[in-house]
Amino acid sequence: MTIDERIKASETRIFKAVFPNTTNHYDTLFGGTAMHLMDEVAFITATRFTRKRMVTVSSDRIDFTRPIPAGTIIELIGTVSHIGNTSLKVQVEIYIEEMYSFNREKAITGTFTFVAIDEHKQKVSVL
Amino acid sequence: MTIDERIKASETRIFKAVFPNTTNHYDTLFGGTAMHLMDEVAFITATRFTRKRMVTVSSDRIDFTRPIPAGTIIELIGTVSHIGNTSLKVQVEIYIEEMYSFNREKAITGTFTFVAIDEHKQKVSVL
Amino acid sequence: MTIDERIKASETRIFKAVFPNTTNHYDTLFGGTAMHLMDEVAFITATRFTRKRMVTVSSDRIDFTRPIPAGTIIELIGTVSHIGNTSLKVQVEIYIEEMYSFNREKAITGTFTFVAIDEHKQKVSVL
Amino acid sequence: MTIDERIKASETRIFKAVFPNTTNHYDTLFGGTAMHLMDEVAFITATRFTRKRMVTVSSDRIDFTRPIPAGTIIELIGTVSHIGNTSLKVQVEIYIEEMYSFNREKAITGTFTFVAIDEHKQKVSVL
Amino acid sequence: MTIDERIKASETRIFKAVFPNTTNHYDTLFGGTAMHLMDEVAFITATRFTRKRMVTVSSDRIDFTRPIPAGTIIELIGTVSHIGNTSLKVQVEIYIEEMYSFNREKAITGTFTFVAIDEHKQKVSVL
Amino acid sequence: MTIDERIKASETRIFKAVFPNTTNHYDTLFGGTAMHLMDEVAFITATRFTRKRMVTVSSDRIDFTRPIPAGTIIELIGTVSHIGNTSLKVQVEIYIEEMYSFNREKAITGTFTFVAIDEHKQKVSVL
């Protein structure tokens, strides 16, 4: 596979219904719950791209553009956005979909950096 | 959109890493956790197809073909598989992906039936 | 013990209060949460009957007869309903009890099939 | 029903498999998880006895007699043990069952006190 | 360090926002959730004081003085309150803080007893 | 109170034991779990400083300097680090403490930005 094909093949999605166990007292998705899901989708994307042991190094700025109301559906999409020697970046976007209309809007964006390590915790190539 | 396009557009995916908070004492994904995720992906698929209030009526036979070890990745895929007047069926498949190889196998299959209701809890057309 | 006595002795119950962390946006118990609990009670029933390693093979049709409102109590009851050579079936019923009356109704019914395995993952007799 | 019959009818049981999401770093059931379950079974017992709004007032001494290893089954049993005018006590016992033997031992005992209140939060008779 | 300095240094705090995933059907913090957090803060306090393996032996009477409404903040404070040879006691207090005022009140108090054990599960000195 | 006194008074701490329900398949704290806790401590810090409705706007770069092994204790500390007109920044640090030694090291650092809003969702002064 080419790099582009590997990027496409490693794209990773998580849909989730915003039920009460994920919300705060404003009846919107708690930011921390969103970040938890973002790191999970980013980690899976990075692992599926490299098929190596990946460790989170950092998250870049995450923008919470709009609140996510209870009773909506969210989709997280993780995509490899930059490939270094021993590290790569995954961009994660969260979209809100209203349940009972076709409205869909981007709500949160962020980027996560991972490094690939071997079993001795030494950095290795991501490719 | 045609029905086929709506089926395609409502296809719903959830990736998940099999971490210790989802496993049983055999160190494999607990069956109940898998069923929880299957109902969630089925519910979202049904809602995204109809954009109406959907209620789970039943699940048909669910086959747990192979155990899902801790430290793997799973992908759930929900697809509308049958459309009735006020009900529809969603097929859900769970695939295992090993983290550090390209092995991917189907592990669990099931079908869920939903009905569409209005705000007075009366059945309505799914289309 | 006779088989009937073992069936009686392995009957397994789980009561649960339907609090917000178990509900969907309709303010009723999320179907996936119910299935999670059903598999747990079925697994415990099967294990307590055989005292052997049990693995979920399949669930038969599960009927969600009525929604379970937040603020009620549910009781799950698991009972061995069929005994094969290396497999058995457990029937699970969920009853709703209103908190502030003696109303009690059956809400969900399902059947789960398990096989008994030894430490080498070979099927063994359930008896 | 007589009081004794009501006590018998309100006896409440919760079985649970001790999986990794309930354990501490000693690979035994975390004490706080046990207390969470004990309060839940006590609350349900009290509510099923009175069919009134019950509020936890206190827990008496809880003895953790023996650790509960991962990979066992526990049963919690709640029983009304004392009936006052506007309050009652529920005794909760937790038993460990090994999965692959008939060994069963008491592990934890405690007593919880509840008061009955009406919709204006005034104390009312528990009977 | 003197004992008093060690007590001060091992004081342990947990703040938590009371969101829907922690509440009961009265829209107040579920008592079992409070007890779970109390045991966690007590365990950490005991471990940070002794830096040895600590096991919960018992909780003394826990008083739930006032209900904790959804949409408030709680602070748990654990403090070593008694030091024996192989055991110690930790007092835990829970305070409610309203989010949008400076009101702060004590809501729950309890005491937990721990013993120190070595790797052979023999009791050892807590000092 | 002066601003400095308010900053000091709003400092917010969460201790947590790293048990299996928070770890990944490397047996270290899952990054997403850390981020969830960081946003919670940041939100509580911001709310306790302003006593107004606070909404997460963004997180700046979060550095995961070292992995956090299972069986350790973490402390999160949130401190207001910058005060604007309608927004403020909270710095969050996570420290690892080994259970059975006095070793303590910083593991993760990040900064979160919040805005204050009134009941009509209009921005208001944070002071």
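Labels A, B, C, D, E and F are assigned to the chains in the order they are written; within every chain, residues are numbered from 1.
The rule is short, and it goes like this: contacts are C-beta pairs under 8 Å (C-beta built on N, C-alpha and C of every residue); 3 or more make two chains touch, one makes a residue touch a chain.
Chain identities (UniProt): A, B, C, D, E, F = Acyl-CoA hydrolase.
All of these numbers come straight from a predicted model, not from anything done at the bench.
Taking the definition of touch as given, a chain qualifies here only if it contacts chain B (Acyl-CoA hydrolase) and chain D (Acyl-CoA hydrolase) alike; those chains are C, F.
Taking the definition of touch as given, a chain qualifies here only if it contacts chain B (Acyl-CoA hydrolase) and chain F (Acyl-CoA hydrolase) alike; those chains are A, D. On superposing C-alpha atoms, the copy chain D (Acyl-CoA hydrolase) sits rotated by 180° relative to chain E (Acyl-CoA hydrolase), to the nearest 5. Same-residue interface: chain C (Acyl-CoA hydrolase) and chain D (Acyl-CoA hydrolase) share over half of the residue numbers found at their contact.
Note on B-D: its contact pairs, compared by residue number with those of D-E, B-F or A-B, agree for more than half at B-F. C-beta contact counts were set side by side for C-E and E-F; E-F has more.
Centre-to-centre separation of chain A (Acyl-CoA hydrolase) and chain D (Acyl-CoA hydrolase), using mean CA positions: 41 Å.
Remark: chain B (Acyl-CoA hydrolase) and chain C (Acyl-CoA hydrolase) have CA centroids separated by 20 Å (rounded to whole angstrom). Shared contact sites, meaning residues of chain E (Acyl-CoA hydrolase) that touch two or more other chains, fall at 17, 20-21, 24, 30, 40, 43, 53, 99.
If each chain is drawn as a node and touching chains are joined, the picture fits none of the line, ring, star or complete shapes.
Interfaces, counted as pairs of touching chains, are A-B, A-C, A-E, A-F, B-C, B-D, B-F, C-D, C-E, D-E, D-F, E-F. Contacts from chain D (Acyl-CoA hydrolase) toward chain F (Acyl-CoA hydrolase) in the complex involve residues 20-25, 30. Every residue of chain D (Acyl-CoA hydrolase) that touches chain E (Acyl-CoA hydrolase) in the complex is listed here, in rising order: 24, 26, 30-33, 35-40, 43, 53, 55-64, 67, 110.
Put simply, chain E (Acyl-CoA hydrolase) touches chain A (Acyl-CoA hydrolase) in their complex at residues 17-21, 70-71, 99. Across the complex, chain D (Acyl-CoA hydrolase) is touched by residues 12-17, 40-41, 43-44, 47-48, 51-53, 73, 97, 99-102 of chain C (Acyl-CoA hydrolase).
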